[in-house]
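The first chain written gets the first letter, and so on, giving A, B, C and D; residue counts start at 1 in each chain.
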């Protein structure tokens, strides 16, 4: 990952960390359950954005290298990994 | 998609179609709501499997062709599409 | 479910059925994989809407009856079912 | 939320927080993208468990109170909230 993307990803993760601490505070303060669930869903959406950015980076970096490379096993491995990540991500 | 994968995908979709008709019958017969929801979740899981198979085929076919090809714009387009599909699939 | 909601739910399911047949046709015609995946995601979104409507009906009908009733076991059963459906629906 | 559930929920959230810091470390150390995505999916699964626990608590507490209470507007509000949370949680 290049320096700029790395900084951006870390910034997003730090923000998620702060958001989690906010939810802990809500629990300590007996906030309304539905509001807490709403905040957790916002955190999960933020994590989806982080995942999508990491995958995008992976596709433009490792995947291009492997697919253009001359090792069919490595190519197969990298492509199957993507399919697996996709299947896990979409479990009902 | 090769003939075997095509047949398999069509067979799965036909089965989903029958499953949907089964849910319609449940609604007509006033089946218990939670049981109906359970069947719909089974259908969504079956559709996830179909999506994963289609993506796997796509990765091993169009994506390899585009990434190994000499057109950087086409390569970019194909990879960005995968990232987009992934992001849509994982919306909270 | 009252007659109006039943008709609406059946109409939505019929539309999903037609949509599935459309996807079968796309597979037979070798449509572009990413377009097929997009259509399947639209079908899954339509099924989510059906599930949400059925749950809404369930909450306003069986759940109210059970929770206002005098059988604590039945109340417990109905509420636990909701929690379970929610957990299944949100698996990553 | 009773003291025991509160402690359990806070413990889970603290664990998620530590897990996020682990992912930040992976990014700093240029860990393999697919491994990072796997860890983020594990965090999202842990958050789903937290959400399910909070909802379960909510159903057995506020929802019972509202549904057994004599204010039809409050009952309606509480039940519609559950339906909404469910719909948000299951977006494709």
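Please note the rule applied: a contact is a pair of C-beta atoms (placed from the backbone, for glycine too) under 8 Å apart; a residue touches a chain by one contact, two chains touch by 3 or more.
Predicted model, so just to flag it, every value in this text is computed and none were measured.
**Student:** Using the stated contact rule, I'd like to know whether A-B or A-D comes out ahead in C-beta pair count.
**Tutor:** Greater number of contacting C-beta pairs: A-D.
**Student:** Which chain has its C-alpha centre farthest away from the C-alpha centre of chain D?
**Tutor:** B
**Student:** Of the pairs C-D, A-B or A-D, which has an interface that repeats that of B-C (more than half of the contact pairs shared)?
**Tutor:** Match found for B-C within C-D, A-B or A-D: A-D.
**Student:** Since chain C and chain D are copies that touch, is their contact same (over half of the numbers shared) or different (under half)?
**Tutor:** same
**Student:** Averaging over Cα atoms per chain, report the distance between chain A and chain D in Å.
**Tutor:** Chain centres of chain A and chain D, defined by C-alpha means, are spaced 17 Å apart.
**Student:** Determine the centre-to-centre distance between chain A and chain B, using the mean Cα coordinates as centres, and give it in whole Å.
**Tutor:** 21
**Student:** Taking each residue of chain A in turn, which ones touch at least two of the other chains?
**Tutor:** Chain A, residues with two or more chain partners: 41, 44, 48, 51, 55, 85, 88-89, 91-92.
**Student:** Once bound in the complex, which stretches of chain D touch chain C?
**Tutor:** Where chain D meets chain C, its residues are 41, 44-45, 48-49, 51-52, 55-56, 59-60, 63-64, 67-68, 75, 79-80, 82-83, 85-87, 89-92.
**Student:** Sort out for me which residues of chain B touch chain C in the complex.
**Tutor:** So the residues of chain B touching chain C come out as 1, 6, 9-10, 13-14, 16-17, 20-21, 23-24, 27-28, 30, 32-34, 36-38, 40-41, 43-44, 47-48, 50-51, 54-55, 57-58, 61-62, 81, 85, 88-89.
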